[in-house]
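Please see the structure below; I have some questions.
In this document, chain identifiers A, B, C and D correspond to the written order of the chains, with residue numbering beginning at 1 in each.
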Amino acid sequence: MATNSLVEIKTLSPKFQDLYTKAKDFVENDCIPAEKTFELQMGKGESRWKVIPPVLEELKVKARSLGLWNLFLGKTYAEGSGLTNVEYGLIAELTGRSPKLAPEAMNCSAPDTGNMEVLAKYGTAAQKAKWLTPLLDGKIRSAFAMTEPRVASSDATNIELNIRREGNEYVLNGLKWWISGAGDPRCALYLVMGKSDADNDNKYRQQSIVLVPADTPGVTVVRPLPVLGYDDAPEGHCEIVFKDVRVPVENIILGEGRGFEVIQGRLGPGRIHHCMRSIGIAERALEYMIVRVTDPSRRTFGKGLYEHGTIVSDIARSRIEIDQARFLVLNAAKKIDDVNAKGALKEISMAKVAAPHMALTVLDRAIQAHGAGGLSDDFPLARFYSAVRTLTIADGPSEVHISQLGRNELRHADEIRAKFEHQKERSQARLSKL
Amino acid sequence: MATNSLVEIKTLSPKFQDLYTKAKDFVENDCIPAEKTFELQMGKGESRWKVIPPVLEELKVKARSLGLWNLFLGKTYAEGSGLTNVEYGLIAELTGRSPKLAPEAMNCSAPDTGNMEVLAKYGTAAQKAKWLTPLLDGKIRSAFAMTEPRVASSDATNIELNIRREGNEYVLNGLKWWISGAGDPRCALYLVMGKSDADNDNKYRQQSIVLVPADTPGVTVVRPLPVLGYDDAPEGHCEIVFKDVRVPVENIILGEGRGFEVIQGRLGPGRIHHCMRSIGIAERALEYMIVRVTDPSRRTFGKGLYEHGTIVSDIARSRIEIDQARFLVLNAAKKIDDVNAKGALKEISMAKVAAPHMALTVLDRAIQAHGAGGLSDDFPLARFYSAVRTLTIADGPSEVHISQLGRNELRHADEIRAKFEHQKERSQARLSKL
Amino acid sequence: MATNSLVEIKTLSPKFQDLYTKAKDFVENDCIPAEKTFELQMGKGESRWKVIPPVLEELKVKARSLGLWNLFLGKTYAEGSGLTNVEYGLIAELTGRSPKLAPEAMNCSAPDTGNMEVLAKYGTAAQKAKWLTPLLDGKIRSAFAMTEPRVASSDATNIELNIRREGNEYVLNGLKWWISGAGDPRCALYLVMGKSDADNDNKYRQQSIVLVPADTPGVTVVRPLPVLGYDDAPEGHCEIVFKDVRVPVENIILGEGRGFEVIQGRLGPGRIHHCMRSIGIAERALEYMIVRVTDPSRRTFGKGLYEHGTIVSDIARSRIEIDQARFLVLNAAKKIDDVNAKGALKEISMAKVAAPHMALTVLDRAIQAHGAGGLSDDFPLARFYSAVRTLTIADGPSEVHISQLGRNELRHADEIRAKFEHQKERSQARLSKL
Amino acid sequence: MATNSLVEIKTLSPKFQDLYTKAKDFVENDCIPAEKTFELQMGKGESRWKVIPPVLEELKVKARSLGLWNLFLGKTYAEGSGLTNVEYGLIAELTGRSPKLAPEAMNCSAPDTGNMEVLAKYGTAAQKAKWLTPLLDGKIRSAFAMTEPRVASSDATNIELNIRREGNEYVLNGLKWWISGAGDPRCALYLVMGKSDADNDNKYRQQSIVLVPADTPGVTVVRPLPVLGYDDAPEGHCEIVFKDVRVPVENIILGEGRGFEVIQGRLGPGRIHHCMRSIGIAERALEYMIVRVTDPSRRTFGKGLYEHGTIVSDIARSRIEIDQARFLVLNAAKKIDDVNAKGALKEISMAKVAAPHMALTVLDRAIQAHGAGGLSDDFPLARFYSAVRTLTIADGPSEVHISQLGRNELRHADEIRAKFEHQKERSQARLSKL
């Protein structure tokens, strides 16, 4: 049972408590019991990419009627829910327990959330009317097209899709992959990052982001990419060719050369959402593990599974690791609330490194406790593993965050060295008097 | 580059060296370049389970012509290749580099190898003529039906498929799953373990193993089970219902109640084969990692990938871990050669615990170095991860092996305690003279 | 730089903030610069156990004058400082940075703190007057005599020192070891746990705790025990023989058979204090590491140390691990504040497992970054390592806490299973309608 | 019980088997029972550095009479024992079980062994007569003075003690520390590394090594440095000032500017010896652990210690890790035997990284199983921990070896890339025919 006396639900606002209780009930009693139905309604083969299981729309209706809608969009936005990042973080943990259904049912699923934030924050009135409104309404979906196969995209300055202005249009040419959500038939909009000014001396001013309707001629979704064997349909993670794709110049976000500004603004809270959902996933995995190892029909060598080997210890460690990670994530959320996302970069990186790694560890233990079954789809664990495994790569691989964190610490070297020198002087002064 | 001065290829027999060279060339220049073809020839949807890619048969012909055939069956068998387990282990490492093609191309793939060993060792002349001959010929394939979904099969005494004798027939009723190879249209034979004498006081005498032709009425392959999203078609890991399945009593292996004897005899070398292949997989993964992090087109933040973070260290550790695991596996193989599989249980367990875990670690690092691409099928790493992940569960989960190893060590407690007492007495004698 | 937006100093009371600032200044500018002096004043050989370095008394005077005195004794005690456990926890982290001097200078050092809590909570007026007053005054020191060499003391029911009532006296006979503080010439009092009723059916009622003045005839401090080579003089961790030691019956705490009650009450906050100090130690170790690897005179192979291998990554991980552990400890402190120590057993165990292990990891990395020097006493790291290493054993070894945590989780198995069943039913209901 | 079928004692020469049996008997029945006597005879305070416990000389006499003398000096030396490095490695594991007594008793202790190798390999006839003979005779001891406190000595080019030629003398000025063995009253000789040609463009030609008799004027042993609290008396690890120390030019080894040549030649086998002894230490620690957790008097909560938590698993893992490390070390020894030390640099690095780390892990588990006692000197574990902890730093810190290993692997990148390209071409050729 998780422990969290530092951010107790019961100390938060009554309005939030009510939302939290509803969200919990909705996830446990509506979303989780709908998972098998969703799978069945998905169909097989190509229909996986064409049919949206009706149960999802049904859940969306219910969530919206409960007020569980667009909660991710915080109080800094006109359209926002008024929740703090800490509050939304706690909700996001709940939705993580049913990661394929609950976030979308509550219109809080990536990458739409980040895209809606971008539009709400940087969009023109026209852009908002055309795209933000239907997104907030759950009528369409969207994708964010950044990663490219031919360069090391973990350094975003490498991204090279060409954006060329011709008259009142931008012409896009290039190749993207791992474009999450692009497989969804409802995906109507891409936010595409590319180089509009490759020769700019400031490499953080070379890129722009433009809005590209999904049905623009020249856009071809080539294929979905599997993740550890899972295609994540209907959203998918897709490879997309942009060939002489033309959009009006009004489709630019913020202005030419401001792509980095946009992605910096976009990533903060979204990273935390992923982390919180990872914690929800880990909690559900631990529940599966506990149920499995105490299953009376699963005795071996005269003992319950839980009486063997390191299982009790693995469960205890999982509890510690989950709760530690939650604190890191809530800490980052609190820092965003107190300062802003930019001021919380360090805290976000810490959570981003710790939470997915923790969840993978807990999932791996849970899978192992289920034997081969744990690797199949008879349990949700393998699918969860696949989903979380991407999080150590997406939005900046762990290595990049770790490197930034380490260098951040090193930046204090001079200050600490000065303190050490000062202490040494005081120490010498004492010693000289002995 | 792997190091192994303890078992150098060049000190082994010229005949083996020749085979080894041929196998290496065959794997690198025939099997690996055929992998994409195999995938394409597999087709999609249901055809994955019906079509055997022609390239496979082509490779089999070539392997056989090179003498790379049935090498797993060692010198203790009349039909054997004359290789020692150490020698075959070194070959198996090579085949592990192309795990889906090379082992089968050389007629050395699980579970057929274990089944052929069983038939060679325990089969009657009739059983051999009917099943062993076509298996050795690569004409048919086979499966071993042991694991069941409703009991904790890691303790094989729990297995409960019912085998009832009626006149000159055995009647089988029960449910199996994770029956590897059962999805293959060429799979003609199941070796089925079940309870023929559930009331026997000796729980290691309750089980028998009978041969069941795949086309026997009452046998239904229900579904393949995915492993981390991979179905491993065309072989697959399947769930099978046995309903009033009748086979003649001659189909029993060794005799009623001797099921444990058979599985004990079966598991030894096979476990090593899996381990050795894991090492080959890890070596190939490390090659992928090295190529990736030195790719001149993959520079980030002004440096090559290999200049970042812990990558060089990860590569160094991978080298150490791979080579350590290889020694454990070769040590087990040597012990089997020197004594026999039963006498090498400890060594086999050690290798069985260490090798897959090592390979997963190396694979995970290699995947991470490839970014999201590493999780897709554009590289073989994710598929390998799925394949190796099962090995910490199959043939006894790591936990069971670790538990046995630990208790094995504890068995020496009295002997060590006696030595300590003796040393203490000698120490006291000395001290009393001071 | 540590991050902690969840419990920000600036949100706590002005009174506390003032204390915190003073404590920080006192530790950094008085205690740390006095460490070398303390070492030199200790002398060598036997004098290590006889001389209390004068600098310590000087620091005590200063601390007391600053109001930094007895802060550990919280608001639940009449004599208390009024600090919450969270607040004291934050102070204890600061004192952990100079673990040999700061806690004692502020009269907050173990085992006195726990003993004072026992006397304040359970002591009679006479006991308080005689022992609590001088302890609170920093005039004497005390020890808690529980662990025994001949039994596995991690299960306290094993403790077997004999307490026999004879008339108005208790007679104690037995052997204790690891009695921290017993080497100190100022140690005037032992709280001794032993069996007063070995035959009681309830094994948690067999033990009592009695107050034994250190100069009672029959008490012999046999020897100090080193920890990884450190004797921790002048306090030490000592072996003590109790031979026909007689104390008046008034010296019992709470009453016969109530020993477990006392130790349960004693352990809670004290464990957290150790944990918090571990975090302070880890922070100081990380500072040493940062200074070392950026030292311009420490370049190798043409690069600064920080540019090599995994050093930046090690620093980043240390930051994450330290901050995670701090949250666990503050969470436990908060739970004690909100409920009480008994209600926070789980949270305390979590912190107790995580914090020392984390500190050892950080210390080991810092030592390694200092080369051989890090293992010597030219830096405080090796000594810190020794001090923290005991914390995975003292007050319940990590294994016991982990086992309790794991079983605590398992206790929820039925509840989770019921929820799963309920979800399954709802899922089936949906499916049946498809 | 260790397993090692790859290098079985019984397959080695009868002469070696005889030596091995004698060494085992000598270590177990003479050295280990003499450890307490040695400690007692050491005395206290300053006498620790002046008295050589008589039991040591007694053991030396016995070892020599058994033929267990100078076994480290292999068949490539005229004075050698004729043992291969593999053979000596197996003996060194045995001596590691009593690391303070057995190596020296058999005249096989560091740093004398390395120094004797240097003299045997590079020494002039006069140098050999004066120093090698008494060293081989066990009459004197020696030290190797390389590490310096003011520079990062892990890069030996940083070493800066000044060696200046004046007429027929070299004049040495500088500061050394961590000079193992320099505290021993029998230490008669230092091999001192320093810069004789600081301006040489080739930084590997700037250094020389000269022989300095310990009693040369200007040499001052300043202090011994403790390692995790242990002083390792009487040898110690000392700080030494060289002030205008003059030695005749004949005292140079090999010639001016050839210091790197000498240390390269010196380090190979010696590193392996340390590794092998680490394995012996780990084996003895595991024995202690096994005896402890099965001690009938150490039951907690109604069960034997071995029935709790992860203990059986820890023991099993220790067995695997020890045996894996042994193979790496024997592999390096075999490579030295087959090629030479220079050709085995990679293998030596692998063993050097793996073995001490493994031993520390095993020791830490064994200590934990002993409770606080494990940290004291009532068991040899804490002392062993201290001894092994230095090995991750001495003779090149693990980080340097790991970095070299990683870069060594990367050196194969082009070759592997070419193979991949070749395989891709073959793959494309196949695909184009489909």
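One rule holds for everything that comes next: a residue touches a chain if its C-beta (ideal position, glycine included) is under 8 Å from a C-beta of that chain, and two chains touch if they have at least 3 such contacts.
For reference, the UniProt names are A, B, C, D = Acyl-CoA dehydrogenase/oxidase.
Just so it is clear, the model here is predicted, and its values are computed rather than measured.
Of all chains, the one whose Cα centroid sits at the greatest distance from that of chain C is B. Looking at A-D alongside A-C, one finds more C-beta pairs in contact between the chains of A-C. With centres defined as mean CA coordinates, chain D is found 50 Å away from chain A. Taking each chain's centre as the mean of its C-alpha atoms, chain C lies 37 Å from chain D. For this pair, chain A with chain C, the centres built from the Cα atoms lie 39 Å apart.
Residue numbers of chain C whose C-beta contacts span two or more other chains: 309-313, 402-403. Residues 44-45, 147, 149-155, 158, 177-178, 225-230, 237, 297-301, 305, 308-311, 368, 371-378, 382-383, 385-386, 389-390, 392-394, 397-400, 402-403 of chain A are the ones that touch chain B when the two sit in their complex.
Considering their complex, residues 309-310, 312-313 of chain C touch chain B. Those residues of chain C whose C-beta lies close enough to touch chain A in the complex are 1, 3-8, 28-29, 32-37, 40-41, 55, 286-287, 290-291, 293-294, 306, 311-317, 319-320, 323-325, 327-328, 330-332, 334-335, 338, 346-347, 350, 353-354, 401-410, 412-413, 416-417, 419-420, 422-424, 426-427, 429-431, 434.
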